[in-house]
Amino acid sequence: MKTLPFEKPIEILYKELKRREVKGYALMGLDELIEKQIEEVYKHITPYDIVLVARHPDRPQPQDYIEKLFTNFTELHGDRAGEDDASVIGGTAFFNGNPVMVIGTRKGHDVKETLRYHSGMVKPSGFRKIARLAHLASDTLHIPIITLVDTPGAMVSAETEVNGQVSAIYSAISALLDANVPVISIITGEGESLAALSLTVSDRLLMLKYAFFAVLSPEAASSVLFKNLDKKREIAKELHITADELLGMNIIDRIIEEPAGAAHRFPHIVMKNVKEALEEELEFVSKEKIDILKRKRREKFRKAGVYSE
Amino acid sequence: MKTLPFEKPIEILYKELKRREVKGYALMGLDELIEKQIEEVYKHITPYDIVLVARHPDRPQPQDYIEKLFTNFTELHGDRAGEDDASVIGGTAFFNGNPVMVIGTRKGHDVKETLRYHSGMVKPSGFRKIARLAHLASDTLHIPIITLVDTPGAMVSAETEVNGQVSAIYSAISALLDANVPVISIITGEGESLAALSLTVSDRLLMLKYAFFAVLSPEAASSVLFKNLDKKREIAKELHITADELLGMNIIDRIIEEPAGAAHRFPHIVMKNVKEALEEELEFVSKEKIDILKRKRREKFRKAGVYSE
Amino acid sequence: MGLFNKKKVVVPVIPAESQDVRVRCTSCGRLIDYDALKKNLKVCPHCGYHFRMSAAERIALLTDKGSFKEIGSPISSVDSLHFRDTVSYAERLKKLRDTIGLPNAVLTGTGKIDGVLTSIGVFAYEFLSGTLGSATGEKLTELFEFAGKNDLPAIVVFSSAGERIQEGIYSLMQVAKVIQAIEDYKKNGGFFVSVITNPVLGGPAVIAMGGDVIVAEAGSYVGVSGPRVSEQVMKRALPKEAQKVELLQNKGFVDIVVTRFQLKETLGNILKFYRRWSL
Amino acid sequence: MGLFNKKKVVVPVIPAESQDVRVRCTSCGRLIDYDALKKNLKVCPHCGYHFRMSAAERIALLTDKGSFKEIGSPISSVDSLHFRDTVSYAERLKKLRDTIGLPNAVLTGTGKIDGVLTSIGVFAYEFLSGTLGSATGEKLTELFEFAGKNDLPAIVVFSSAGERIQEGIYSLMQVAKVIQAIEDYKKNGGFFVSVITNPVLGGPAVIAMGGDVIVAEAGSYVGVSGPRVSEQVMKRALPKEAQKVELLQNKGFVDIVVTRFQLKETLGNILKFYRRWSL
């Protein structure tokens, strides 16, 4: 497992642990020490450290949650306009016995997957697929929509620009704004820029403890504001991108806990936490009338922002 | 001017006319003879002759009617999905002081134009443009739609198939079926196959005297049924493609007259006839309530076809 | 363009009660025992090539045993234009009624798929290549009207060479007629699942694109026209690969491509999601 | 890719009351008399390059003389996150209020265009590159609400570098907020005309795509992000041509591309078609 820079103190202990195991020495409480050290390290985690945790290649991604927490998943393909974007996965599935439409981004864990899903950067056809599946769930099947978000943003290339990237993003956002069914979103890892927005227009927005949600990546922000990447750590702090901060700002509705050491170390615990949170949220929205849910969703976006009159 | 095969008897007289003019001889009634000969030839015109007339390169095409009969034309471009198809021209314009959305196909008169508009064969983006402009006229601007049809059909190529030709045709047809404004269609030349259908879903369907409207071209029909082109003339008859026949079958609502010699010889007369017909039809649909128009449009298609119970 | 240069494959319809004991596979050329082929859902056991099925076979494949019931009155194609090509259309129709016993190119009814009651229409390719005539258009229209009235999902299994040339412009009109029925049905809460089997061309292909979900049988072709019309219109051959459902899935126009073995389960799985969540 | 290798051009904002008598054209490099440039609508008389206009100039260009009236109360951007980059955001805002006299990056009001009364919003690029902050989002939302209540068409002239980074996630939220306002407006019979001027990036570009008709000023660029963000995200430069409106018109995303000289007439011509036919 790749150790992140801020996890250095843990890495040394891990090495010692491995050495003792190999030589057959007694652990003498080293395992407990590691546990404590992990807690200590994660107690002082900074916003930019969280960005790195959120991007850890072994962190569970939306497709993993779909596989583990949903049954009867039928993947539906295509934007009906020229492409099927592999970075967006969506289809009908049962969650806890409830029929839902689940839509997620997909980054991939290894080089092969990463290449295939172009690192989870969403193409115009991906946004159009989101819009299409949202309409199908809302207008035809009448089933709730669950979105799972882990994306470094919309793809930016000559191809995606001339294929209508901005136009496609519009269609995804407006489809979810208008959905006549409950929408629950979970940011599981990276939640960057317009791509993240286009999947988080929802009635309930949840975030994993070590996920982040930002108008753009700290790297891009540093690049725009300072013309270099040196300030990405400082900017990460300025941007207010962590679950704790965003809950305080009323941008998100709930934090799904992760143990110290994060989801890449403890995927099963986090899966369970996501499952429980989703169960509760789905029960919650199921009890509300759709008119009231939609009114609240409307108000949430109508009121978004801070300004002075 | 290109003389068509069945017009041969006229060509000889034309040559004699030219010879006399060059030599300075008296015409001695030759011009009247020509007039009579034209009438005679067009009296015996066959369905396949009409196909050739409809395809005459000098025959006025939709873009010519737009230019001559409409004012303040603002061309609107694009399908919002990846392309602007030059074979479909559409936009807002005034006809006789009335704001309308006019949409036509475009074949081109010379080699350069023909290449640019790919002979009026409509691409997926063309059908999507038709759908988009129909929605704009119906749902946003609330202005009548006038379609002008002269097309050898939908383009069939690897590119158009993978860009969703059939899906795009569906969107054009359903947009016009559903339009909440009057739709008036005029077939001015070729009206072939699904491309012609997708522009003739209307409240009033008019045809020029020497236009034709067919499920597929006589050549293609001969090719499918006889595996060669030898029977195109016979099949043209079997298919019932002329304005006279289609009026009798209640497929079209009105024939716009052309003088013997047809629109390529007398464009000004035909332009005037089209203008008058369109004025009357627009007045007619303007007097009807849209609900009633739509109910009639629905019934027309609900009842389409002949079968036995 | 190497990808597009495969040879044209002619697909024979195997009569349900063939006298031949062995059949040569259209794709791999091997000889297959006919009974074995039938037991294998008419899929070549050697190469996986999907042979064509009749409408009756298709219904047996997809609906739960004994659950299929035809709906509506029988509606017959008629020779409205007194059309004649190599023979007269009237003669063709008479012969078809006598031999295959269908009055038009579509069979419509209700049935259960994995226990879910649905309305279903199946194109009969054995009836003039499943072409779309007036009677077929009327039956499809009635299917969607029936589905709407009875709050049922609608499935149509397509297989068609395109418009019924012998019915001229009436055939073309059916495309708009059926689309109108589909759009009405969908606007009033319907759920339409298109199933593409090999091949679906012309008007029926346009109609198939109305599916809320589009499922295709592996190796099928769907597109605006067949090779003859394409060559006539474009003055050049259409690369057949461009109409293959596997490619069209990548191009975003087909939701799911499955083999015949998975088709029923896939459809059942989708139907289970229709209006199952109580608002 | 030769098409995509043109050099990046930096576009200066020329202050309305410049002290310089001559300006060097960003595109052709020639010196232009400033008064002549202003008289030529800030279009280079040599090469046709369109210099940027301030919000006030844009309103003067498009609305009939004396017809423009601002709507709503002044709404100011605030430093909600106590954001600091090279300087603090609070300081930036103070300085902007003192120098250019705008409280946020958009000016909204009503005016006549060729005699047709319309609601109109104009992005002020001179206010932090027209970036989309909370105050800007609120003003745009109010514009569409006003247009809906008063049965007016809505025109927005876009020019923006994207999201207001200094307002963090609040800036991103404005994209959904304004789209919601646009969709409500359109559903209730509104008519929204987007005008793209150089450049429109990020969230504002997304919002601009909501236009029922999209008009663009010649030579403008519109797309998902600027060169710096693109390079950061993709690890390679974005060919700028891909965001050029002339290309995007061919790609079907822009209805009309016109020079600045034709812009007002074009808009007037479109507005004349709104609800002019009595049903």
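We just call them A, B, C and D in the order they show up, numbering each chain from 1.
The criterion applied here is as follows: a residue touches a chain if its C-beta (ideal position, glycine included) is under 8 Å from a C-beta of that chain, and two chains touch if they have at least 3 such contacts.
Not measured: the values here are computed from a predicted model.
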item	value
A-D or A-C, whichever has more C-beta pairs in contact	A-D
Mean-CA-position distance for chain C and chain B (Å)	32
Inter-centroid spacing, chain D versus chain B (mean Cα positions, whole Å)	41
Per-residue overlap in chain D, given as positions that touch at least 2 other chains	209, 251-253
Per-residue overlap in chain A, given as positions that touch at least 2 other chains	80-82, 162-164, 167
Pairs of chains, among all present, that meet the touch criterion	A-B, A-C, A-D, B-C, B-D
Residues of chain C touching chain A in the complex	186, 189-191, 209, 212-213, 249-256, 266, 269-270, 272-277, 279
Chain C - residues contacting chain B, complex	4, 73-78, 80-81, 83-86, 104, 133-135, 137-138, 141, 163, 165, 167-177, 179-181, 183, 202-203, 205-210, 222-226, 228-234, 238-239, 241-243, 247-248, 251-253
Partner chain D, residues of chain A touching it in the complex	121, 152-167, 169-170, 173-174, 177-178, 193-194, 196-197, 201, 213-217, 219-221, 223-227, 229, 231, 235, 238-241, 246, 249, 251, 298, 301-302, 304-309
Touching residues (chain side chain A, partner chain B) in the complex	80-82, 162-164, 167
Footprint of chain D on chain B - complex, ascending	72, 74-84, 92, 98-100, 125, 128-129, 136, 140-144, 181, 290
